[in-house]
Each structure stands twice: as structure tokens, then as C-alpha cells.
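Note that chain A is present in both complexes that follow, paired respectively with chain B and with chain C.
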Partner chain A sequence: MDARFDPHAGLWRRLLADPWFVIGASLAAVLALLILLSPWLSLHDPHDMSHVPFAPPSGSHWLGVNDGGMDMFAELLAGLRNTLAFGLITGTAGLALGILVGLTSAWFRGWADQILMRLADLLLAIPAVMILILLAAFYRPSPWVLALVLALLAWPTSARLIRSQALGLRNQPHIAAARQMGGSNAYVIGRHMMPELFPLYLIAFAAKVRMAVFMEASLSFLGLFDPTRKSLGRTISDALPFYYLDIWWYWMLPPILLLTLLIMAFTFLAVSLERFFDPRLRAAWAG
Partner chain B sequence: MGRLSVRELSVTYRAEDHRLTALDRVDLDLHPGRVVALVGESGSGKSTLGKALLGLLPDSAAVSGRILLDEGDLSGLDERRWNALRWQKISMLFQDAAGSLNPVHRVRDQVAEPVRMHRGLSSADAGIRADAALAAVGLDPSLGTRFPHELSGGELQRALLAMAMILGPEFVVLDEPTAALDSGTKGRIGRWIRQAADAGTGILLITHDLELAVALADEVHVLYLGQVLETLPGPELLTSPGHPYSLASSRSVAGLDTHRDLGGVRGDALYRVLHRHPGGNGEAAEHAHLVGSALSHAECHLPARGCLFAPRCTQGVAECSVEEPELEESHGRRIRCLRGGIVTELRLQGVAKRYGEIHALHPSDLELRAGETVCLVGESGSGKTTLALMAAGMLGPDQGERIFRGRAMESWLRQDRQFFARHVGVVQQHPARAVSHRFTVFEIVAEPLRIQEPRLGREVLHERVIGALHDVNLAREPEFLQRYPHELNLGALQRVCIARALITGPSLLIADEPTSALDPGVQAKVLKRLLELQIEKGLTLLMVTHDLGLARKVADRIGVMQAGFIVEIGPAVRVLNHPEHPYTRSLLRSPFRSESARPARAAMEGGHSWTEPPSEEPCSSTN
Partner chain C sequence: MLTWRGHLLAYLVAALAMVYLSYLLPGWLPGDFVTAMYADSHVALGDDQEAALRERLEAGAGFGAYLLALGTLDWGTSYALRAPVSELILEALPWTLLLMGTAHVLATVLGFIAGVEAAWRRGGRVERAGVSGMTVLQGVPEIGTGVLLLMVFAYHLGWLPAGGGATLYVEYGFAEQVLDVLRHLALPLATLLLAWFPGNFLLARASMVLVLGQSFLDTARAKGLPPARVRYAHAARNVLLPMATRFGLRFAFMVTGALVVETIFSYPGLGTLLFNAIGARDLPLIQGIVLFSALAVLGVNLLLEGVYGRLDPRVRLHGRAL
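Presenting the complex of A and B:
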């Protein structure tokens, strides 16, 4: 489509002028590139235990070798990938649930709204981390299941955000017009309400991914995942027993740094997008 | 006192290969002192009825039914008996005044002729009577000495009136007494007719001039193809016609009182013809046809039974072409329509809405009849929009009932939302907010069709969208179709909204300030198109506007709203010319009206606030 017809034409320009967005997006892009290029970047299989344990960084092992004889750089990239994947799955599933519940609640109001919002209150009161720890400890489910469970527990915040905006949207003349034309509930929600709130989804998604990344790192740090599964948290916890050795700068620091950068990337994106799309600042955006 | 009654009168003219039905079971009563008007378009049988009352039908006319004078049957009278009645009991003023006078005789002699014939008076005495009669109709008796061609049309017409009245008949048939006369002469003749009636003469006024009929008649019969479609008290013909034909006819009146743009009856005038076709077994079978008038020779087969007006009616249903309606009595009038006359499209009864402490609308009634335009006028916040949204089914009232086509609106919305949506088009206030900014022009206009006819092919959809845009005078270039709302000016966007509302071919259009953002030239075109749709398809219009001038041009009825009340509602002619409510009167004293331009300027200098553009309605009323 011709860019001239894009109603958001000015948006990208303004986003690119925002340092928060630029930093967050660059970080995310670099990390994504690292993951995508990992087959070519790392010279070793992360599960290969045939290297010399505790070997310091060298031309072959850029970040040295751990106590199990595994290449640290390969391990780091695999961990980053798994951690981010966990975050993205939770983010996507949580957002999808949030949109579904938020729009349904706002559109139908009445008893459907009541039930869904009380359920949201209930979930908000439950500490997600406890549920996940208990689940992981007793049932040892796969990380994907845990990611989905986390999404099931984490939708209420985005659902409430979307619902509050959708309630206002509901009375917009063009939504009323679509309804008057005979549009079904599904049609009006899908064709009119959903695209209208698009910016909110970005905010909710970034926040969810950040939360899930942190959660995954914590759970793996606590050793609640399969010990052979690579994860940034796991790498940090593996390094801890050897704090007395002079390994912290190539073993401990890189995963902490990567985790921090990952969380930072999504935090910065969330902050920036929120600034642009927050309903209270929406007027500036719409104009 | 006497009475002239027509009962079940049918007249058919025989021609070589067909028969023409001129009158079909007409009932009519003339009473002394009353004016009964017979209106209808050319070929409706008006004059035939007049001639029948005087036994003047040609031999080719087959007559059935009875004509009763004081309970005595006139049908079958011989020429001698008729002659005794004519001029004395019943007289007639023929259409085409100049043609009915003999050009070689002086006017006075011709006016005196009935006296000489019936009273056997000498020429001199008869002449004196003639002078008196001429004076009675306001003609200088000296004009009587002239020849017909030396008199003006109005003078001739009055001379003929004098002639018709010279023997003091009980009943007079006036066939187009004012055709082709200027308004001054018309007014004088009108006054004279009324005076004659008040003096005790029973008058049958045959005319196609509805205004004259309304002004003079106590009772009006609307004749169509030889049938009476409606009988109603005279004054109501223009203000509350009951038959679709009467409504369409009433819109064709270019009176000085009416402001609405001229409408008309859709289609062409027709004639009823019975064709004789040789049947297979040698027997001749007759088939009824409606034949178009001179311009269009389109012939349509008339079903054996069925409403004669059906081919031109805008509210016809299937049974209209199957079943023949009878003239039925209702509410002080008689209507020949299977649907009981003009149907009520939408009725709001006692609907009210309040937001917290604010009464957006106090319990109000509004009725929309098929094919009429109702305008709601009033200032911002008077509840116009609230009422319109309720009528559109977009806002539920706190109390009151809404009936669309005889069924509660709630039931439509619950069970037949699609049908309701297809038949009710809505143009919302604020076009920029009424469309999704994510849709292109094409998507906006196509949306109702896509919702209601999801299986419609891309080609057809495209065609319909283009047609709808054409209706509102918008560009049809592919490039335009791909535009987004924010790239259009408000006027174009408003027309896109109107196109969207019309694309499904609704029977009811509810429009809230539909032309507020349009240039005057475009506004005129769009409104004209809406009125055209009204004539062709019987579109019912509910229009909200703060522009009284606009309402004046389009409305059949005007409702004036103030502070959540309908303070006055009625025929546009009455509301505009004889406003009852003080608020209406104040609206009509708009400072911009040209005849009061000077006070306006004075007010402006005095710093009155009316120069400010009307502010937007509070959001609460649009929710």
C-alpha cells in the first residue's frame, strides 16, 4: 500500500526520534540477531561435553569452558534462545487471552463482564511465581506448558487495560454504525474493536514478555527445569558454586548481562510505546 | 332539500378494437350548500362523471349504475326529460370556456339562452336577466354586448358561470373553472364559487388544481383511473393525505403556501383499456390493460384483480396485484387501499431518555408514514439526536414503545436484525467519527452490503458502491475508492456516509444533519437525490437539522424540539405559516431572513450571541 495512505505514517518517524524506543528496539534487534545467527556464531554444540573443564577464554572457546566441559558461548546463546522463547510464548498467549477477555467483557458487559472481571481479580490476587514453583517442582512439566500456565495466570492485567479502553470505544459512532448495519457481535469485535486498540497490544505484549523472561530466569535459577535445558538463569546458578575461582568475568557476568539487556530491551520498548499510545496521551498521537 | 347522488356509476367508452374504462363504480353525493371536489390527473374520468350527471355522455359510452336526483333515478331518461333538468336543476360549466361559446353570437345573448329556452321569456327580458347574472359574477354588463373573442379568458369563464347560474339550479358541475387563469381571476372565481355554495347551491368542482379543491371543497374525492381512491375532508388533502396517491399528488402542488420542493407521482399517467382478443374457440376474450399516455407507450398487463394504483405505488406488497381493494371507511374518510392507506413505517410512543439528572428527551411521540419527510428542528441539546438515534434502533429508550412496520423494534433487533438493518439507513452526525479511520472509501460504503450479503461477488459489490457514490455526486475513480477518511474533506466524507446509508436501498432513512458540512450547491444536489428516491421508491425520511430553511424545502411535516420536548409537530405548511408555539415563532424570526435583514444587523451590533455557530451537541446525547 502506498505509504501516503497509511494513517500511522507520522508514527514511525516520531517513534524513531524517541531514545527509549531506539535503545529498546536496537537491543532487541541485536539479541534477536544473536539468536538467529547462533548456528554460525558458535563453533560448538552447547551440549558437547568433550572440552577441557574450566578452560579460560581462547580463540576456540570465546568465553571459556564450564565445569562440565561445555563451551560457554554456545551455552549462553542456547540459554538466551530458550529464555526469550519462553517469554514470547507467554507474551503471545497472555496477550491473546487478554484481548479475548478484555473485548468480550467490554462489548457484552452485563453478567459476562462481571464473571470475567471477578475471575481477573481472583487471578491477580494469586502469586503466579508460587503456582509455577509448585507446578514445576511436583509435575516437572515441559517449559512450554509452564509458559502457557504463566500466560493463563498473567492475562488479567492486559485484559483490564484493553477492557477499559474498549468500553470507551464501544460508544464510538462508527462502532455503533457497524452494529446498526447488522454486524454481528463477532464482526464488530473482530473488524472494528480489535484493530482499533492495536497499540495497547504492543504495550501489553512487551510488559508480558519482560515479566515472563524474568520468571523463566528465576525458575531455572532455582533449578526447577530439566537440568540439561539451557537457560540464562541456569547458567548463572551453575556458576555460583565456583565464585571463589577467577571465572566470574567470563562465566557469571555474561549471562547476567544478557538477561539484564533482554529485560531492558522490553522495558524500554514498553515504556516508549506506553508513552505513545497511553490513552491519556492518545490525543497527541491521533492529531 | 334535494340531493344528487351517484351510485355505483361505471362508464366505458367503446372504440373500434378496445374499450376504455372511464369510471368504475363511483359513489358520490352532492348536497345543497356543499362543494364537493373531484380531483385526479388527466384521464382519471373526472369530466366523464360531470357529463354523466347531465346526461351528456356520447352514445359510445356504456353506462351502468344509478344517478339519483331527490331519490328519482335519472338513468334512462330520454332527451326531453334531460332537457327539462339541464340548466334548471343541474347545470354545468364546461372545460375550455372559449370553445363552448358560439363565436358569432354576442355573449349576452348566449348567457340569456337558458332563460329563453326554459322560461320562454322574450329576448329583451332574457337580456335583462343576463345582465343581472353577469353583474352577479362581477362582470360589467356592458361586456355582454361583445363577442366571445373580445373577452379575456377570465371574463369568458365568468360569463359561462353566469350562464350556468342564471336559472338558479340546485346543482352545478364546474369542470376546471379556473384552468389557465391568473391567480387574481382565479381568486375571484374561487370566492364566487364559495358564495354560490353558501347561498345553497350544491357544487361539484372538477379540477386538477388541488389547491383550489382544498380551498373550496368540503369534501374531496381523489379519482384515479375511474376509481375513487380516497374521499376526505378538503383541507386534509394537502396536510394529511391518507392514500399514497393522494400524498404523491399533494407534493405536485406548487402553491404559494407550500415550501417543499415539488415532487410528483412516480411513473406516467395511464389509461385503462380493455382489449378484445380473439380466443382460440372463436369467442372473444377481453383483457384489461393499463396503457401509458402519449409519451410512453409502455403497456402493462393488468391482472384480473388487483389495485389499479399498484404499478405506480411505492408501498405495494405482493397481494396488491392480486386482490382488489374496496373503498373503506376509516377515521372520517374513505380509502381504497389494501394496506389501509399510507402505512406507518415507524411509530415511537412515549419514548424518553435521561442521563442522570439530565432529561435528554421527555416522553415523546413520533410517527413516520411511508414516503413522507419529517424534519426535526431545534437548537443543539434539544433532544433531536436522541430521538433520531432511538428511531434508528441505536439507542434504547428508558420508557416507551417503538414500533417498526407493526412490530416492536426490540423484537426486530433481537430476531431480524439483518432485515431491520437493510431497511433502515442511518446517517450519523459528525461524519469523521461515524466511519472507521482504518477503512478506505470503498470499504466504508461496501460495509453494509458485505455484512448483509456476504456472498455478493466482487464485481457486483464494486458496481453497487459506484452507484451509491454516484447518487451522492461523488467521484468514482478507483483512486478515490482507495482513499482513507482523513484524506477527504468533511463534505466528501459526509456524502460517503450518505452513500453508505443508501447502498442497501433502505425504505427509511434517518439522517442527523446529513448536509451540514456540504457546500450549498452539493447540498442541493444531494437533497434532490433523496427526494427523487422518495418519489421512485417511497423512501421515508427522518431528518434532523437546525436549518429551518432546509426543513422548509424538504419536509412534509416538521417537528420542533426544545429542551427534550417536541413542542410542536404538524404539516410543514402549518408549522411554518401558522406556528402555534412561541418557540417555533422565535425560530421563524431568524435574524438572517432577508425581509428582516435590518433588525438583524441592529442585533449584531448589539452584541447578541446568535452569531456564534451552533455548538456541538453534548456527547451524552449521542451515546
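Presenting the complex of A and C:
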């Protein structure tokens, strides 16, 4: 029997039998390695403008030099790091808020649930990108502030997902037993509810990082970040005015490829995890 | 969860919050409103212009006056383009509606039909390849496909124009004009289709597969109904609600994608207008476009809430089913 559908196989064995998970995880690992090794990989400082502008690729500049005299390979690695960092910050903060709100809502119900879920409805209705554009255009805050603002606006989807599953879990006998034993709210939530919903966090995290990377690329493409900050979206928009030159294969294509691989990695992870853990979709996958 | 009236209230509150934020933000900048809005931009105000602006702002201070001004289409003036913001937005809007509307209708209808047919033939080789291909395509952002299509079809092959919404300064007959607009529409439209179709296809297929095992389909078949009627009138109906729900959740991101795609192809819609406004730090124009788009997103989402009720009577009676 295929290990993916064997209920007795361990979680990791089942995940590792899913090609989407393996491809997504490998892509993410390769990109992470590229970032970790970047101090040794790139020969130049990405902000150094002393090279010959528009120089084609050579032994010293593997991907050539851009119009500002900056080494493209170094720029690419710095951009990849910044774009991913933005995604990870939004993903982590958004997930933490989602867990907090989702579990609070499901556990206490009543007025706390009402208030938090109405707030979630409100935030779901407001387009986050518009608030980010407004903030970025007016105040030019640091990217980390924008990443956190995006997390503040993007928690409702994960909070709803976690709440709906936590409501079911709340009525399980072992939770009742833990409360019967005299466990406090914090004890039951911390020791039982939170760890048992772990798979949901993986889905929510992968989906959030994917969304945030897409947002960062779009916002930096539109020119809403500090122009000296390296980002994959910015590199693409910098290259676009020169599309008629013969630069596309070493200037235009690499950032597009890296951005695509980055988004693909998190898409595949989200798709694969969702098929395993979201009970509504499990039937569709097995079918 | 929420009833229709509750939704209306939530959206009104959200809309007011957006308007209030856009009213409040310039006030938090250092300096007074005029220096804050214009000091950094690429335009210099003349003394008389500055005096006129101050007078206007002092007359129209307060949130109530701001709301009233918005209602009467007085959205301020873009000093970079020397035109009223509302006029610029209304000029660009038809292009954005043409691009986004066509792309959305095509992506939804094609995704729905392809998803339903794929679910009907599930397990086959074509279906498996389709699902894999679409999952891969879901990982490709609009920026990537847009730039690649531009490079291949506009630059290397030269089949289609690289930018703009129509050829300028030429006299065309009506048929030629339509053809010209369509030729300019082709590349941005294809980019958005490639971005939006896969999600619709995968969701339609997954929802359809969930429906297929249910016994009401056996009943329909046993009544001797033709297969196409069983497939669409009975089974595929149930796919519509998840697709509408997904559209509501995705709409804000679709707008983000459309902004980027318009910029890549310098399509004369709101996205390109916003891009140019950001480049010139034309704050009144940025503020106007952002507020307008946010209100449009809220309006469409509110309309959708009404559509859910029509698609699924359970929603009408008990609030949202999901």
C-alpha cells in the first residue's frame, strides 16, 4: 500500500512519500542553503557601485553588472534574503496571532469569541495591500514594520481555521478529563489544545509565508520600499526598462526564477500539508 | 455566523475605517498638511497655489467635511498631473475593469468547466497531468509570467504590442479599433489568466470530487437524466458556492496582482496610474487610488454576500454555511 494513505505509517514517513512535499521541502532547503552560504558565494558587496555598468557576465561578475554598477549575483542573493525574511516575519507573527486568537475564541466562547470573530470579519473585508501601500507611501517605514502590519491584518484566516478545529477538539473526552482533573485554562490550552493542533500551524504558516513573499515582491516591484533595499521584485522592476537590451538571460531571468522557486516551494508545502491535514480536502485527495 | 444585515454593518464599518485612516494618515506626518503632502514630491507649489490649498484645507477641516468632499467627488488634485484625482481615476477605471473583468470571467468559467470535467474523469492520465500542471502553475507569480510573456511575444517574436491600451495618434475604423484594443489586451490578459485559472480549476475539481460520491446523483442517474444534465444541473451546482467564497477571499490579492501586471505592460489603468504616482510621490493621487480601490473591494465583497444567499439557501437561513 502507498505509504501516503497508510494510517499506521508515521507522519513523516507519510509526508516523505508525497512528491509535492518532497519537492517543496527540497526547494526550500536549497534556497535556505543559498542564503546561508551567501557570504562565501558572492565575491562583492551588493551595494558597491564601483563596477563597470552593463558589464556582461564574467569570472568576477557571474551574472554581470547592472545599470548602477552593482554586481548582479550579490544583489540577487541579498534580494532573496530580504524577500524571504519579510515572508518569514509575517508568517511567524501572523501565525502566532492566529493561534492566540483562534484558541482563545474556541476555548472561552461567549463574548470573547463574538468580539474576536467580528474583528476577524472586519479585517478580512479590508484589503491589506491598500493599507500597506498607504503606509509605505506616506511614512516610508522600515520593511520590518510593514511585515508586522501585514501580519496584524492577515491573522484572521489562520485564526478561523484554528478556531473551527479547536471547537471540535474541545469536546473530546481527554480534554474533559484534563479539566476534571483540575487543570487550569492555561494548562489545558498549553498542554493539550495547542500541541494537538500542530499540523494546522504548518498549513497556516506555509500559506502565510507564500502570501507575504508575493506581497513583498509586488510592493517592491511597485517601488514602495527604500530604493536602495535589495529585493527580488525591485531587481525585476529595475531590469524592465532595459528589456530591449540583450540582458534578459542574466539580469531579468535569474530574479524571476528565484522568486518563482521561492513561491513554488511554499505553494507545494501548503498544498501537500493541506491534503494531509484538512479533513474536508482529504476525501478529494484520496479519491 | 453572520446574517446579511450583519454583513452590511461590518462592511460599512470597514469602509468608514478605511476612509478615516486615509483622512488621519496625512495628519500624522511631521509638519502641516501642505508641507507633508507636497514637500517630498517632484512638484513645487507656487506661492498662490500653496495659499489656495491652505485656504481650501482650512475650510474643509474635520472628518465630516472630508466625507462630504469624497461624496461630491472632490478627491483633491494631483499636482504632478495637474488634474483632479477623481477625473484621473475615472479615466483609468474602464481599462482596469476591462482587463480584470475579462480575466476574472474567463478564469472562472474556464476553471469551473475544466475542474468539473476533470473531476468527472478522475484517475485518468489527462486529469492527473492537469492537476500536477496546475499545481505547479499556482507557484508562478504574475511578475514572472508577465515579464516572460513580454520578452517572448512582444520583444523576441514581435507579435503583440509591448505596452499601452491602444495605439495612439492613428485614425481607425470601429472594427480596427476593437482589434487594436484586443491586441493590446492579449498579453496582460494572458498573464492574469495564467495566475487565476489554476486556483479555480483545482478548487472546482476538489469540490466536485466531494460531491460525486453522494447518493442524490444516483437518484438523478436512475431517473434516466442525460449525463450532461446530471453533471452540471445536479452535481456541479454545488461547486459554485466554494468558488464564490474563494473569490471573496482572493479578491484583494487579485487586485494586487492586477496592479503589478498593469505596470509591467504599462496598461493605462489604475495600476499604472498608481505606479507613476508612487514614482512621483504624488500623495493626493496615491491616497485617492488606494481609497477608491479599497472601497471597490469592499463593495464587491458585499455584493458577493448577497450572491451566497442565492447560491445556497442554507446561507440565507442560517448565515454562512462554511
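As a convention for this text, the second predicted complex is superposed on the first by the 270 of 287 C-alpha atoms of A that agree within 3 Å, B and C clash if a C-alpha of one lies under 4 Å from a C-alpha of the other, contacts with A are read in each partner's own complex, and residues count from 1 in each chain.
FYI, a contact is a pair of C-beta atoms (placed from the backbone, for glycine too) under 8 Å apart; a residue touches a chain by one contact, two chains touch by 3 or more.
Predicted model, so just to flag it, every value in this text is computed and none were measured.
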Fit or clash - chain C, chain B, common chain A: fit
Contact breadth on chain A, by residue count: chain C or chain B: C
Partner chain in contact with A:Ala125 - chain B first, chain C second, else both or neither: second
Which superposed partner A:Leu245 touches (first chain B, second chain C, both, neither): neither
Chain B versus chain C as contact partner of A:Ala178, first or second or both or neither: first
First (chain B), second (chain C), both or neither touched by A:Leu33: neither
Touching partner for A:Ser218 - first (chain B), second (chain C), both, neither: second
Overlay on shared chain A, then closest C-alpha pair between chain B and chain C (Å): 17
Footprint overlap on chain A, comparing chain B with chain C: none
Residue ranges of chain A in contact with chain B within the complex: 5, 7, 171-174, 176-183, 187, 192, 195-196
Interface residues, chain B side, partner chain A - complex: 392-394, 417-418, 420-422, 424, 426, 428-430, 433-438, 440, 447-448, 451-452, 482-484, 486-487, 500, 622-623
Contact footprint of chain A on chain C as seen in their complex: 1-2, 7, 10-11, 13-14, 17-18, 21-22, 25-26, 28-29, 122, 135-136, 138-141, 143-144, 147-148, 150-151, 155, 162, 205-207, 209-210, 212-213, 249, 251-253, 255-257, 259-260, 263-264, 274-275, 278-279, 281, 283, 286-287, 290-291, 293-294, 297-298, 301
Residues of chain A that touch chain C when the two form their complex: 20, 117-118, 121-122, 124-131, 133-135, 137-139, 157, 211, 214-215, 217-218, 221-224, 233, 236-237, 240, 243-244, 248, 252, 256-257, 259-260, 263-265, 267-268, 271, 280-281, 283-284, 287
